[in-house]
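First the structure, which I've put down as structure tokens, then a few questions once you've had a look.
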């Protein structure tokens, strides 16, 4: 009976309550409280390449690439477009950059920006006929589209067919690639967060919740969705273009399922809706996957196992959990 | 507080205590949705719970029907809002506060939820058939027939997908579903919502018919005039607390209740 | 003529791939991305029973179906219970579970050219000048049986109706006494069992290897979506469209277009009819 | 009714809609003058909501035309129609449950219509939204405008929905069962608001089952039954018609008390 | 003691998912074991043992990310620091993409699986840069020559006239079967089709019906992914197409074919490239020796009828080159490798200018060789693989199925 009279109570930390209204920030402690979770990870990420050996730097690039894809996924998801086809964005960017370099010998300073923009436009154009779809249906179409393009490349043999295009221009220095990836990743992260918190993002989120209702507010949801597709597509294409030049190779496997599923897994692990979750997720997943490489054959199975266990234990996602622990505490309270 | 202890004089014909809730408390995280609420329903009665918006009517219904147990479980699994339940809830003398909804349906407590959540993708007839899940064949046909008699419109619409029905039609169906599930204690959460005046009156009559079949009814409303003629007793809930309890006449005579819940 | 017959067979195979997936999805709203993995897993399970334990094929087959069903059941209670209602997590977890199964199989060496299940009856006949082996007849019969059976089951049995109820509105289902977790886990078990049954009749047509798992998943998704996710009729239509489309493409355009057809069909059908050929989802969703 | 000097703001001509075999709206025509307040009543399933959906573009008509300010808007996309100045509320409220109440108003405030009406500029949207809510009776200093919609009581949502429709600065406002699910006191406080809008020149169509309140405000009533218009006129005229009584009656029907309990 | 010496590390980055990769690895381990039993390999004056480290580049399907395979490659090279690499990538695109990587880190590589002609092309673009790369196995050109010669025999001696070709739609297989198709056209066969199927195809009825309707005498097929090949093999057997099957179809070439495909394999003909991959040849004792060792160690013959003997040979070629070079320095090792002249299981191996092992059809003492075999019933009625071409390896004659004799 005794324990029935008690219950756990969740409360915001005092410092959060105070610093929520940003004008009231007074002490350095409060400023630190607000800024630390943002700046410490960024600083770590920026300094890390200087201390890592070349192989782990490659892994870091990989993590940023997946991070970009995860961010782009999360961005689309924020406006109700659940995609299972990040590899479409990735592959388009990769192929555009690769083809520009291979056939026209354009340098990376041209191919990467062009691939980013053209990739975004192309993604929006390709997906605009199916923008009306919602939920699973959109997910499935996006899942199929890259597979379709992959088969098209395989069947028609364009862009080198199954062999792909190799010996493309690389980056003059390893560090350039690394910092390009990291900075692209960070810019996306903070840009997306900013967009989503602005009125523009508000509308996107509202479209996710109830597009009929948004329409009744006189907003052209299809145009907005196309814009969202462009933004997400550009982020994904940037990742693809970067990868192409980093490995000096592009092939049909850039449309592979891995590039679609892994980012989603990263978001599921980190927690959707905040971008920080997506970023965190990919920063956990990719290095984990590489660390497991030493295990050989069982690697993927163990990797999946870890993924499953962590999602089951924290269905809300790492980030949400951490954020809650950071901002709130619990205490036992007696019920009157 | 006093109101909670206050037992009204029993209208004739009412039987033993079917359901009694004592000191019910429900927290959604730190918000108190039901605050020390006590309620009692006797067999064969029609009892109304009146309250304005967010008074806690739905929470009370969910607590009695057990849906809240399920909500609690789900929220817990994914670390969402924490729901805390306290108090005592007895049905035919048995403590049921933590019982699963399906167990409660087996014991005869069936809820018709507010704002008509029906099985959108099935047609009307199938909706009613599904409702007979716990009833082995037998009188399923009869019960469906009863619902059709109650709401002749539904019979006409029986082949239409439920999700395409109009708001009012869906409301009728929602009530029909609960009826087919063969309740002993029928909980109705805002059944009048969206019904035309004609149908509101019909429903009030129907509730009386239902009682005649031996079903006890607990119904919530914000605007109770159409129901007034048929109820025996009523409770008034505000902010999760009981503020008034009384027979129909007592409710009718109380000027505040009249103004707030009867529109007179 | 052979186009007609083999198109039919191909369609039925696709329907068999899909039946389990769409059952599970239709009931509990869980897109079981481990479907393909369960399919091939049961194939290997049957192979193991036959070759390691020396059981006859029919017995191994039944055991494999049972095992698959149990795995599906366990999936629900172990993996999905805490994640119900978070589609993203559900999807990733089932997919990860599927990949884990496939990888484990591969790691165990179930990859290569030595694995195949025997056909029930060897040989074949010629109909209208088209040679068909008996196994393909079995596939045909089994497909028809399962699809019809499924429809009857879902629409005319108590559990079937409860399944449908769960699929549509869990809260209301609860309030009329349907146990959501029980039904949910049954749905996974049923879906997994159906995947296994399909495996038992379809796999003997070729050899087995773990990557078939992905293939089956993609086909199942394709069919389910083209048809509309929640309708049996849609599933049939979807498999026919893609099944015949493939064979016709192989015949008239070039065999390598075979795989492109289902993918293109999905994109096309959805662009034109956003909820699949027979899906009512959209219409319902847009009712304001 | 038709006066050339006073061009109707909305004209519905022989509007039809059938869903498969179901005739939801059949051959409905009516006109609405600027500033008029029209009530639509009818039994459940008589096609009221469908009629609204037809006008606002959520459903494509199978026949007939809708003219808004003389312009044909039949079959246009909902956002285009909203952009022209027709705002609506929904029978089952459709708001954004994860957003704070005032943020819900930002969405219409972001539309190009509002920008046009403000002379090509957006204002301080947050302030504007809070102002609007203040007008609607959700006081600026109370917690309500800042609270998540999902945690607000249902009656508030209905009013919020109204506020959202008003944020679009419409010329025609369509209310679909605004009062259902509102408590007496809320109805009492909302009704004058609507009247005020109407006095200020807003044209309003209101669907309602709560006749007593409806009849207090409307100029004219249209009665639908089985998708057809069966009557039109002032409330008194309409209620006097037999057909209406038969289909819809039951205003204030008193049920004789149950002999068992009385 | 030899144990104290620092081992020579041999890296094996390959697709362990494919039977080719798995069996190849087994062959490499077998060779290493043999060498270590003899005390290892002499580097300068010191005998050093060999050690194998493996990196899995995952699946053989074109849809497995190349980047991931390259990561595995790079990790192997930078972490394990192998002195040389054998086997190498399975998929052509991975091989080609990895060429830059391998030459960047200067690790000599003896590739034994991927056969793409893209290798030569890329090699010739910058022979200096890519000099670390060698290929120890055949390529499509050689394989096709064997089959073409067999086609000639079938036409001239057995009177077959109509041919139909099916290939798995990848560059390698298309090039391979294209060579056969071209040859047929040149030599007066009637060709009724040349169709590509996707690697994962699950139904071949269109092809088989076509072959049947248009009365093909021969179906030529090239396919390296087991999946589609298995369906084809079974469907071919089930549909009773009266045409002789010839080409490269792993499930039908494998020693386990009788079990997987069933009695339908009778009369099917296949190439094994190079010799000794899974079929012991009486006339080449080395193949018998290698395969019996293999069977003894692993319990059964290799599954895949291709490239295993190359992997085995590659280790010995490497060991020999190291001993000749007397050092593990990559550039010196490459120079020594270029001078390889080694008589191994698959014949005599020398490298040409493009670092490709020379294969021919004439004499195993001059070049590496392949073999064509047919599934035939022996006296006891058991199905066996009988080498039928070239003559210096043949143990029997080609048999036509009874239903084809007119």
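Which chain is which? They are A, B, C, D and E, in the order written, and residues in each are numbered from 1.
The rule we apply is simple: contacts are C-beta pairs under 8 Å (C-beta built on N, C-alpha and C of every residue); 3 or more make two chains touch, one makes a residue touch a chain.
Since the structure is predicted, the reported quantities are computational estimates derived from the model, not experimental observations.
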Legend entry - Given chain A and chain E, the chains that contact each of them: C
Legend entry - Shortest path length from chain B to chain D (each step joins two touching chains): 1
Legend entry - Interchain centroid distance [CA atoms averaged], chain A/chain D, Å: 42
Inset, instruction - Return the distance between the CA-based centres of chain D and chain E, expressed in whole Å. - result: 76
Inset, instruction - Round to the nearest whole Å and give the separation of the Cα centres of chain A and chain C. - result: 31
Legend entry - Overlap residues in chain E, where contacts from two or more other chains coincide: 169, 196, 198
Inset, instruction - Identify all positions of chain B at which a residue touches two or more other chains, and write them in rising order. - result: 77-78, 164
Legend entry - Contacts with two or more other chains, residues of chain A listed in rising order: 147, 151, 154-155, 212, 257, 297, 299-300, 315
Inset, instruction - Please name which positions on chain D make contact with chain A in the complex. - result: 56, 58, 77-80, 82-83, 87-88, 90, 94-99, 103-104, 106-108, 110-114, 125, 164-165, 167-168
Legend entry - Residue ranges of chain C in contact with chain B within the complex: 81-86, 155, 158, 161-162, 164-165, 167-169, 171-180, 230, 280, 283-284, 287
Legend entry - For the chain A and chain B complex, residues of the former touching the latter: 4, 7-11, 314-316, 321, 335
Inset, instruction - In the complex, go through chain A and note every residue touching chain C. - result: 77, 82, 84, 129-130, 132-137, 140-141, 143-145, 147-148, 151-152, 154-155, 212, 257, 261, 264-265, 267-268, 272, 297-301, 304-305, 307-308, 311-312, 315
Legend entry - chain C contact footprint on chain E (complex, rising order): 17-19, 22, 59, 61, 166, 169, 195-198, 200-203, 205-207, 209-210, 212-213, 226-227, 229-231, 233-235, 238-241, 250-251, 254, 256-257, 259-262, 303-304
